[in-house]
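Heads up, there are several structures right after this.
The following pair of complexes shares a single chain, subunit A, combined with subunit B in the former and subunit C in the latter.
Entry: the complex of A and B
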């Protein structure tokens, strides 16, 4: 008896997942090791495990590790948000980027920085509120998209165009808001256009991690209520899955995760589209494994993107978000061409 | 070739045209007078006809007048490019922006100036026009190769291609340590601080484009029906399509070269113009040129006040308006 392909996929899923995590660990340690001077991987691990190596510890802990950690957290966050959106809208092309959620977060943060900074560009309030502002923006964005789309949201492809239009408006408003605020002087604008992981400090990472942990736990708890991907909409509703209120909860959850990821890193697109697809290809449709896989694939993608821009363009700081943008756009076109049934 | 009956508005053509010309003159004067500092008409008069080297005269002649000429020129070019694109694609949400043609032109200019040192206006125009043409061929090629796309899908392709172009522009400019101002110019477009030579150099290209568009008016009317009808009316489809795309590329390329990718002007203007004059292309093209000029100039004046005393890039304002119009059109199922 031959095993059905899907059963095969889920039986090897745990091993694939371990391989993905190992790949992530390797990429992340390379990300720490690589820089103006190469630090051997063995020393990197020694330092991470608490050893003190003269001259190296400071470089690793203060300069290299922060950007790798934030890239992992944000990349993983975008990926999980994308996974949730794709499952709950039954739309393989959905992602926080194309639905305007990322741009909503970016606009809100830029407005927050513009409104609450003093003359010398210092925030007059706690930086911990920055993700809160981002969340407000991203939740608002996703509701604007669905409010405009209304019943047309059922058509996968039309929903995307509504998202694209909202994203275009939000991007333009971000540019205007950027010129009002201190971002203009700080030369950080690139972050809010494409997303970047440089100039991150441990305080920002702590805030992101403290928000991400409970959100991810909630995701793992509600994940079993996500309808199986192969169940059609009517059947899913008739067994009490994917009801409107549940969908709204998932939208809010995905928006909050996106916001937290974008709060300090800016608007990275396409990871939320690509990582869940890759996870499904490699791991199959098991929800929990798929979520964990998406997180680590997304994390690897942004860590890898940062490594690529540093390899290619160092010492110039090219925003890491440009890499997924350049790779993701052709991939999205490929999906559009391959898959015409959504009309 | 026989003319085809196209519903047109019953409003008298002459009074509308006069009203648009008067409005255009007024917004151009406003564009010279209003800004960080305001100037009375007498000061403008003196700056032009009795230049005395005073600060106000210098500001008026070197900063205000160039952009007051550039904005209507670009607006007219993009408005007409939008009409042509929407008719050629038979798609009411198509435009140089939603099909990525703007972005392609911007990428071509940035790449050729950074990699090949192209700096002359002529060289940049050639690059911009080729970039625009290549992008429209790419987008329509992708659409045609997969057996004809729905209007929604082709716009998604265009927006994605455009986004890709802007990402590459950003990489090229950041690796060359460009200033934020330059980056924003090539990502959103602006009429500020462009030397008058750009308006003078671009004007003939735009005029040629507008004239060709006007000559294509009658076959474009026929093209609004399906291909068979158009062919039966004696329209040489291939010739009209190719000259149409060339004209769109010419107009879009010239405007991007002059003012960067000012977004969604070509998208919004044809919809407004159709409300005034209906679907006949002779009047639609003239009206779109005038409305485009008025719209771009007005947006440019607004750009100076919306975050006063700083100045917003005009493209950010037109894109905000344009994206909102796109949402409304989608909501109404125009496409």
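Entry: the complex of A and C
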């Protein structure tokens, strides 16, 4: 008897995961090595492991590494949020970008920047509040979408329609906020909306990491509740999972992760759609492996995207978020057409 | 035996006692002040015409609906005081049209039956493995364990779902119209399996069936409902009469004794055969 395809997929899952992590490490070190001057990978490793190389240590630690680290954290965050949303809605098309979560964060951050900056373009409050503003916007957005979708939230197409509609409204509100808000903030806000990882400093990374760590721990703890969430509401309830309540918890969690990922990097669409989908194709249904896989695929995507824009457009800084958008749109259309056939 | 001791025996044998249960969907009253005891280790069939409230009653027993009045006791415990997982360790329910992703395997589905027994610190134990192996063997899906649900036939799929409920190791198993979409052979196969749940695994089974003859053949106790009220309860042989069938289903029928199983068999009359009364 031939080995069933399923068993094959789950037995090779750990190897696939290792390959994904190795790919990430390679992309991340290349991301640090590449710049106005190429720093050999061996020197990159030495510096990361604590060695002092004249002229290189400062470049690596202060200029190159921050953008790679934030790209990894944010890309991974978007991917995990997408994995949670896809799993709990049983819907391949669910993702933070498509459900309006990113746009909710964008609107909140633009309002935050506009309201709390002075003429010299400096924030009058702590930058640590920017993720808080983003989180509030995200959570509000996802609840508006699900409030509209109501009992139809399990239908791929309905959820998508409501999400797209809410996202469109939020986008236009964001544009209005940028137009009527103080002009000196428009440039900063526009860069943020496209999703850029340059000009990130260690303080912002520290804020992101300090938020991301507990959130990811919570994800790993609640992950064991995800398998019964694959069932319909009655069957899930029958094995002891109150699915409607659990969904709400996951929505809040996913929105918070999205907001934190977007807080300094901005709205990077499509990673939250593509990375978890790829992870499920490569790794299968196993929850914990799938989550870790999603994180590293998402991290590789944004680190890779940043590398691509630097390779193509350097020295002009093009927001890294443009790359996933260019690749993600056709991928999304492909998923949509495939889903249509299933319906 | 005196009447008092009979009653005491009935209470001891009752695994579920329902006291004056009422239930509304919005403003529509579905169950009216309904009382019932469900005997331990037997198959109880809830039967009646469409819309009589039999599925709602089953779902209320599993606390899937919130009653507007009355109480349901599981042995001595009020089910409304139990936690979600604690209740899931006592009562399992197979929904009328359950759904799971098509790329899920049979074994992955059956494993979900162990969810209420798992905790954060003990995600999977040897007992869990034993339970799913027993459940798959008992329902004959062991050979299908690596098959995706999307590739199964209707009968195989139903057995996989029953295996999930069986793996839950609950004393009580509720099944909502388990043979609805199955052909004759698979209907029999499925109900024989339900019978084995009682005989071999010692479970108390509560079943919703709309087919009166299947209900009479497999049920130890029948509960007839009409308009959200219980019309009659008892053993099939005592209960299934021409008057009651007319009353519950609105159909004139002849009742004979099934020559094979000795259970009552209902033969609905055609319009032309009906006597005007």
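To be clear about the criterion, the second predicted complex is superposed on the first by the 318 of 343 C-alpha atoms of A that agree within 3 Å, B and C clash if a C-alpha of one lies under 4 Å from a C-alpha of the other, contacts with A are read in each partner's own complex, and residues count from 1 in each chain.
The rule is simple: contacts are C-beta pairs under 8 Å (C-beta built on N, C-alpha and C of every residue); 3 or more make two chains touch, one makes a residue touch a chain.
Since the model is a prediction, treat every value here as computed from it, not as a measurement.
**Q** Can A:180 be said to touch subunit B (first), subunit C (second), both, or neither?
**A** The answer is first: A:180 touches subunit B but not subunit C.
**Q** Should A:165 be classified as contacting the first partner (subunit B), the second (subunit C), both, or neither?
**A** After superposition on chain A, A:165 lies in contact with subunit B alone.
**Q** I'd like to know which partner A:235 touches here: subunit B for first, subunit C for second, both or neither.
**A** Second partner only.
**Q** With both complexes overlaid on chain A, does A:326 touch subunit B (first), subunit C (second), both or neither?
**A** first
**Q** Touching A:316, do we find subunit B (first), subunit C (second), both, or neither?
**A** It touches subunit B, and subunit C stays clear.
**Q** Applying the document's definition of touch, where does A:190 land relative to subunit B and subunit C: first, second, both, or neither?
**A** A:190: touches subunit B, not subunit C.
**Q** Which partner, subunit B or subunit C, touches the larger number of subunit A residues?
**A** B
**Q** Within their complex, state which residues of subunit C touch subunit A.
**A** For this pair, the touching residues of subunit C are 59, 62, 64, 84-85, 87-89, 92-95, 97-101, 103-105, 108, 111-113, 115-116, 118, 120, 123, 146-148, 164-165, 168.
**Q** Could you pull out which subunit B residues touch subunit A in their complex?
**A** Answer in residue numbers: 142, 145-147, 150, 152-153, 155-157, 159-161, 163-164, 167-168, 170-171, 174-175, 177, 180, 183-184, 187-188, 263-264, 306-307, 310-313, 315-317, 319-320, 322-324, 326-327, 330-331, 333.
**Q** In the complex, go through subunit A and note every residue touching subunit B.
**A** 148-150, 152, 157-158, 160-162, 164-166, 168-169, 171-173, 175-176, 179-180, 184, 187, 189-190, 193-194, 269, 313, 316-319, 322, 325-326, 329-330, 332-333, 336-337, 340, 343
**Q** Quick check: in the complex, which residue numbers of subunit A touch subunit C?
**A** Touching subunit C: residues 4, 6-7, 90, 221, 224, 227-228, 230-232, 234-235, 237-242, 285 of subunit A.
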